[in-house]
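For clarity, chains are labelled A, B, C and D in written order, and residue numbers in each chain start from 1.
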């Protein structure tokens, strides 16, 4: 069997030409990688997290390297939803891929407003709701750490959008299964995970945190085992499709997530190391299928033997 | 200033000649490293977790390498508390270091019995209570994930021992501060953290988990940023001393934890990579103090500038 | 236990057999590229220094005066057997070694000085006996059936092969020592990562550690059903 | 952006300046050992291939016909300035460079063909001007005070030095371009990791990105108070 295998996947209401997307915040608004990546080959592009108003982000330093990973405290710097729709989206519409918009708010109202902002807007394949940010209503507690709060945000977004809703979960919780179920019950179409693990690093010469923000989010290969475990837990907790994220740098990593049951994957930090990582992963998945005589990638998804 | 700096630290009722210990499960019962390490130089040796009865442990494979880390699912294989006291402890008494016994039970009663087993037993500087194991009373839920359960175990151990009690926390929780406070309130003398992060790895050729136990505990440099963050959170949540653990391989890593406020550190996975890691770290700390003109290591502890 | 790289990639040491010594000083290590670690190793240049911890664990017990040693190797498993062979006289042993194909035959005699006569089996029949080395073993034992009391088998190779050799030895009631493989972390008997299941003994322990109690075990104590 | 190693140690690429080209083909990179990545780099042999992404971002704007370029380098900051100098005529520029001590002086002219006259300052006075290169700059500007309209400063070095140069330029109302350093991840303006604070502009953005908008910025837009 040497035919090109079928890589198409269906995640509830979302159809993609292959299961490989970029992860939010690691691929800008897509255009930054245009000269290096054939964006038309990608399963999807998830853009940088958008808020209602533009945000400047945190003080610097915002990043620090760690063993097989990195910490970031970008502080969700972004151009805001209006400028995105006006200046970035028209260009993105010209790309033959699923453009997914990552949104975050500081209150349930803001999430609702963000959902409404994309109502009827063309060229957006789905909304990805980032619930890992501090909730101003609750004095800074993070939405995504509490199943009830996560459910409330999900509901508000689902009610106010005409697009498939992906809810992106934080791994910094005791019971990821409970969170996944809460979000499923509130109407999410898809779950994606993991966002970054909270971490910290200290400069021993100056005895100061390496990040101006003190703590930040850990991403990269270091977190892959944690991500894979949580994705597998989520897959076993809900019926809706799950997108696997965390530490994927090559097609072998992507396969681990697909075998564990993720219907698709997102590639984050790897884009910094190898800007063509997503393309290489798609090629690698094809090669693996051909080598194993598998004609449809869906035969791999969830094929873990326990 | 070229005098040897004072490395002694006091953790509540526990005094140690320096802040560097081995982490439970990574240094056997001490004797395994005798030919490679001068055990008398160490601040402390924490032995492999002991249960009431000997345990054979999990099926193999029990370990898997991951980026900058490893997964283990040893399954707490150990010789049991009686054989330890009869066969290992007499030899350990001959070593000039603080011998700390790590214990774990499957019910609060078992924890109580373990505490009693060491009552009046000489040559044990402290008990370290591992609450990261499944609780049979509660149908497998892990003690250490629930503040109330953790508190109950702590109380039972504290009531039934004449030794300082260290409670070792799991990082797989939403709010490490709440856990630390619960344990402090129930009488723990010291807190140690982190135990391993739950993770998983898949063999893509055989499409099977790399560990027979499916999931396991992630340790090594990969988890250092998460460990450091949680240690810093714990330090800011309680008044009792905190021992930092997680991904420490050299003196620079150890310093990060001390600067963040840990009174001492434990070195785990690094013992596999460099069996003399603990000795090297002690030397490195000395060198750092001399270079910076610091005569007492306690001046470094908690010296983080924010 | 060899540290293939300073730094964290890969993190853990890799276990290797000592395949020869010169003047009790230089240990020759023979390896095949199995993955990331051995690939890095293959890029090392002569003269580079690596951190080695060893020798560790229990080696083969040498045969008695009148015992004939039958050495059965599978692939890279030839490494420790070659070291054993160096300690034996030519007429005291029979060395057989299996490979998948002629291109992958490892001839360690090219590395050390001595030349040893090795019967080759290849899975694809491209050289020597056609089939698995266990077939060659069976054949040899059939021919030398009356010698059985004075034969002792030494085997090293993939687990499946060891299992087969072990069952052949058990059937024929021939003593057999196997050198086992396992993933390892500490190499010192401390982490319990390299456990291998054995038949329950008096002391009830169900696992032995390849790094410390092994890698060589009497074949009959291993619980082959668990492998 | 240079990938110093395949694999994950270190994970991220490292930013380097192009310090020269030969036939528009070979980019010379000059580096000093700052930590883990550059240490690995220093172990690379001639002929080894590394993955490079670039050139990226915005370089120096060349001086106008009648402008005199004053190049101020601090330590390894000499790398991009040397490249700039190659594009200028000798009589069109004044090149000054500061180092901590004579032993650490970097002479890039030894690498490429052309020899350029560079005034040296050392912090410990072991060679050339005794003190920081900003002192040398002050001295030069004092002497050439009437030329100020036609002077343009180009600076690259540690942030503290750039801050000083920038304030000298501001006081004397001399245009100044600085090449900034920052920790980087993507190098493409996508991750927003390499942000540098600028004075609020009409569009309200408070940060610019060293990798894409820079590394060269007009000194007056940078919010030096935040550095």
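Going forward, a residue touches a chain if its C-beta (ideal position, glycine included) is under 8 Å from a C-beta of that chain, and two chains touch if they have at least 3 such contacts.
Every value quoted in this text rests on a predicted model; they were computed, and no experiment measured them.
Asker: Could you tell me which chains are in contact with subunit A and with subunit D alike?
Answerer: Intersection of subunit A and subunit D contact lists gives B, C.
Asker: From subunit C, which chain is the farthest off, judged by mean CA positions?
Answerer: Between subunit C and the rest, the longest centre separation is with D.
Asker: If you count the contact pairs for each chain pair, which pair has the most?
Answerer: Max contact pairs: A-B.
Asker: Where the centres are mean C-alpha positions, what is the separation of subunit A from subunit B, in Å?
Answerer: Centre-to-centre distance between subunit A and subunit B: 34 Å.
Asker: Rounded to a whole Å, what is the gap between the Cα centroids of subunit B and subunit C?
Answerer: 36
Asker: State, to the nearest whole Å, the distance from the C-alpha centre of subunit B to the C-alpha centre of subunit D.
Answerer: Averaging C-alpha atoms per chain gives centres 47 Å apart.
Asker: Could you state the distance in Å from the CA-based centre of subunit C to that of subunit D?
Answerer: About 58 Å, centre to centre.
Asker: Where in subunit C do residues touch two or more of the other chains?
Answerer: 8-9
Asker: Of all the residues in subunit A, which ones touch at least 2 other chains?
Answerer: Touching at least two other chains: 67-69, 220-221.
Asker: So how do the chains connect up here, line, ring, star, complete, or something else (other)?
Answerer: complete
Asker: Enumerate the contact residues on subunit B facing subunit D in the complex.
Answerer: Within the complex, subunit B contacts subunit D at residues 67-68.
Asker: For subunit C, which residues are in contact with subunit B within the complex?
Answerer: Contacts found on subunit C: 3, 8-13, 51, 53, 182-197, 204-207, 212, 226.
Asker: For a test of understanding, state which residues of subunit C touch subunit A in their complex under the given definition.
Answerer: 8-9
Asker: What does subunit B use to touch subunit A in their complex?
Answerer: 66-69, 71, 145, 172-175, 197-202, 204, 206-209, 214-215, 218, 220-226, 228-229, 232, 247, 252, 255-256, 259-260, 288, 300, 303-306
Asker: Given the complex with subunit C, which residues does subunit B contribute to the contact?
Answerer: 25-28, 32-33, 36, 48, 54, 56-57, 59-65, 67-70, 72, 74, 77, 220-221, 249, 269, 271-275
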